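Naming follows writing order (A, B, C and D), and every chain is counted from residue 1.
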Amino acid sequence: MLEEIKKLVCDANKSLKELNLVKWTSGNVSFRDSNTNNVVIKPSGVHFDDLKPEDMVVVDLYGNVVEGHLKPSVDTASHLYVYRHRDDIHSIVHTHSPFATSFAIRGLNIPSYTTTAANIFKDYVPCSDFAAIGEEEIGRQIVDNIGSSPAVLLRNHGVFTVGTDIEHALKAAVILEETAEYAHYATLHDPDLMPLRKEIIEQCNHFYRTSYGQTEKKDQTIL
Amino acid sequence: MLEEIKKLVCDANKSLKELNLVKWTSGNVSFRDSNTNNVVIKPSGVHFDDLKPEDMVVVDLYGNVVEGHLKPSVDTASHLYVYRHRDDIHSIVHTHSPFATSFAIRGLNIPSYTTTAANIFKDYVPCSDFAAIGEEEIGRQIVDNIGSSPAVLLRNHGVFTVGTDIEHALKAAVILEETAEYAHYATLHDPDLMPLRKEIIEQCNHFYRTSYGQTEKKDQTIL
Amino acid sequence: MLEEIKKLVCDANKSLKELNLVKWTSGNVSFRDSNTNNVVIKPSGVHFDDLKPEDMVVVDLYGNVVEGHLKPSVDTASHLYVYRHRDDIHSIVHTHSPFATSFAIRGLNIPSYTTTAANIFKDYVPCSDFAAIGEEEIGRQIVDNIGSSPAVLLRNHGVFTVGTDIEHALKAAVILEETAEYAHYATLHDPDLMPLRKEIIEQCNHFYRTSYGQTEKKDQTIL
Amino acid sequence: MLEEIKKLVCDANKSLKELNLVKWTSGNVSFRDSNTNNVVIKPSGVHFDDLKPEDMVVVDLYGNVVEGHLKPSVDTASHLYVYRHRDDIHSIVHTHSPFATSFAIRGLNIPSYTTTAANIFKDYVPCSDFAAIGEEEIGRQIVDNIGSSPAVLLRNHGVFTVGTDIEHALKAAVILEETAEYAHYATLHDPDLMPLRKEIIEQCNHFYRTSYGQTEKKDQTIL
């Protein structure tokens, strides 16, 4: 079952490495199937280059393994917590991308200094409190802190991004690292740099949601 | 029509990714054909690896689609504004390359600290005021601010470079990011660093325009 | 003899370049065979792309060449010193990876600011005193300073990581550079940044050792 | 004539791009043939990926073109000045590698903070005064400032490295950029960082010259 989705999730996990967002075996992508509500996720501790579609683990929303010969990611319970609490989210990406993680170490939100950040994250990328790995605590931090952004920094750990599909969750992970890189460089020179004004952020974000890309948009969500 | 130019513009857009100047689907290259004055530009929101020559959009100078099955870039009206106001410009490149964008966030010109910067940008790379995406405002900022440089930083957004052909516009985008990288490193240590003196900049720029490369030059423009 | 191990050590040395941990011919990986206690190591000053399994040098624990047509690494005596003093170590990796080396230049331990650092290095990555290259002095600094971490910064020189096998020693080298990169960025903004608290480090490290990856773990060592 | 050397010089120029030391068409490698004293150098303004051995330009020590269908590099007169004044130098590499160039912008020598820097550059990499491009002035700055180092920073411009052969000149260019990267990171945190002590530098450098690599060394030169 879910053969096509396992292929997509496998490719998305491999793309994390090609996009320079992960190192060694850390980081993962999951996807929730609309029909079954089952979730497909990366197995724990496997190298991205070694991943094959049949290695993906299928779990139900409560963590029972439906299919798969490997242990799922240690972040699985947190992914599931998010899916149970946010019907609009169908994909989650987790990385330790370095510039974004350096903000997570400092416990700081990343305000929007650029039109691109305003397009994707609106006012700012929030930073959560610390949460232990392995149970639902990370998921709870994501749900409590993510607000209207598709990305959240997890204190002293890394990054989670979400989307209505894999493409949007991956895009948020890529643009978050780019945004953190700009912000790092600029605020090193000027720590008190002003972010974009609220009305400009609204204007950018509205234009992006309604006019960017090839498909007609409904302008209901920023995911 | 314009099949050869669509192939060139497609390749130039793909080269932005190979040159590490863009991420995901942001950034674009356009070219104006001398015979028809039509402009060939990247479609909006398409991945660089997926681009094919037939995906390029051909528009006239007022934005009417002459040929193409996709929506053109959201920056199209601004490219056209530049082409209508500057007869000498035949190619425009747009990126969010990170070091250059960090100067755009701070609203700062990048003065020429190196012979290479003096060769390509003369005295400095100017930074424009903020402009909204989607209409001609970015184009107006480019025309009003670019002066004698082939590059301009667009405040809180990214970078536009221009040239008499694609090669020159791409070169300006590459050397701008290199120049911003040097300047970032050096000014972190010494914020009051002196740029090159005016007469040295003139001398470098004149030598570059008349002696560099394989072709005889006319020494009229720095594009 | 040891043909399979020479292949593994050759591949591991080549992977240092693919992982962006080394430049030119610097850096090396060695492995100690459990049966013979012989050590397989990179030859001195050979380019990673040129390495072939038959170029690997086999030495006994006292540096006598058992097999091989090339001179072994100038770090061989130090690798052997570590193997003679630590029965649990079967692989050693040496790099000059740039962010980690910048901490080694400053003579500073890298405290654990992230869950990943706590997982792999526990409290901190120690920095040794200076040691001359060529004899056992580097090995002595490694053994005296490494403590319970699988990594040590060698003062004004670079990085050594160790493991029960090649996979663990390589992983420590990759995660060390990532950890140093985060720590560099974050502490540039805030030099007095607090690392993770001791009890959180213990909790992360215990969870990682017992729950991460596909194999049942014994929870005895962090290597 | 010199077909084999043209192939070597072509490959060396292409390797500058693979080693991430150059961008677009800037930078070059030359080699002086011992038999004829002719010099083989990159043509001006040609992309590294487009270079073919037959594009290399052969000149005598006074700049007369002996063979070749293209204009030689604008740095040719300076390469020749160095070859005429230093019999021991048979290869010269020029780059604008970014970390090294940021020190050249500041007009600073790079002192040796690591054993690797001491091995290759001894006490420090010197920085020259400013020199105009196109005639011999850059060559004069190289000869006057390089001293016993195989590398020199050219003020507000970039980097020149030299060697008894291409391999040594390329190695110096690679290790210089690595050394500048370390030094940049470390001195951002601690601008008054102490370099290695003189006697340690001597010891490292002597060991490297006599013991590193596969060939017996004569210990006469550090090139």
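Following the convention adopted for this analysis, a residue touches a chain if its C-beta (ideal position, glycine included) is under 8 Å from a C-beta of that chain, and two chains touch if they have at least 3 such contacts.
In this text, all values refer to a predicted model and were calculated from it rather than measured experimentally.
Trainee: What shortest step count links subunit B and subunit D in the network of chain contacts?
Mentor: Steps on the shortest route: 1.
Trainee: What chain lies farthest away from subunit C once each centre is taken as the mean of the Cα atoms?
Mentor: B
Trainee: What angle of turn lays subunit C on top of subunit D when you fit their CA atoms, given in steps of 5 degrees?
Mentor: Roughly 90 degrees of rotation.
Trainee: With centres defined as the mean C-alpha position, give me the subunit A-subunit B separation in Å.
Mentor: 31
Trainee: Report, in whole Å, the distance between the mean C-alpha point of subunit A and the mean C-alpha point of subunit D.
Mentor: Centre-to-centre distance between subunit A and subunit D: 44 Å.
Trainee: Note the residues in subunit C that touch 2 or more other chains, in rising order.
Mentor: 188 - these are the residues of subunit C that touch more than one other chain.
Trainee: Write out all the pairs of touching chains, ordered by chain label.
Mentor: Result for touching pairs of chains: A-B, A-C, B-D, C-D.
Trainee: So in the complex, which bits of subunit C are touching subunit A?
Mentor: Residues of subunit C touching subunit A: 113-116, 171, 174-175, 178, 181-183, 185-186, 188-190, 193, 196, 200, 203-204, 207-208, 211-214.
Trainee: Help me check something: in the complex, which residues belonging to subunit B touch subunit A?
Mentor: Going through subunit B, the ones touching subunit A are 23-26, 43-46, 70-71, 74, 96, 98-99, 101-106, 130, 132-134, 156-158, 184, 187-188, 191.
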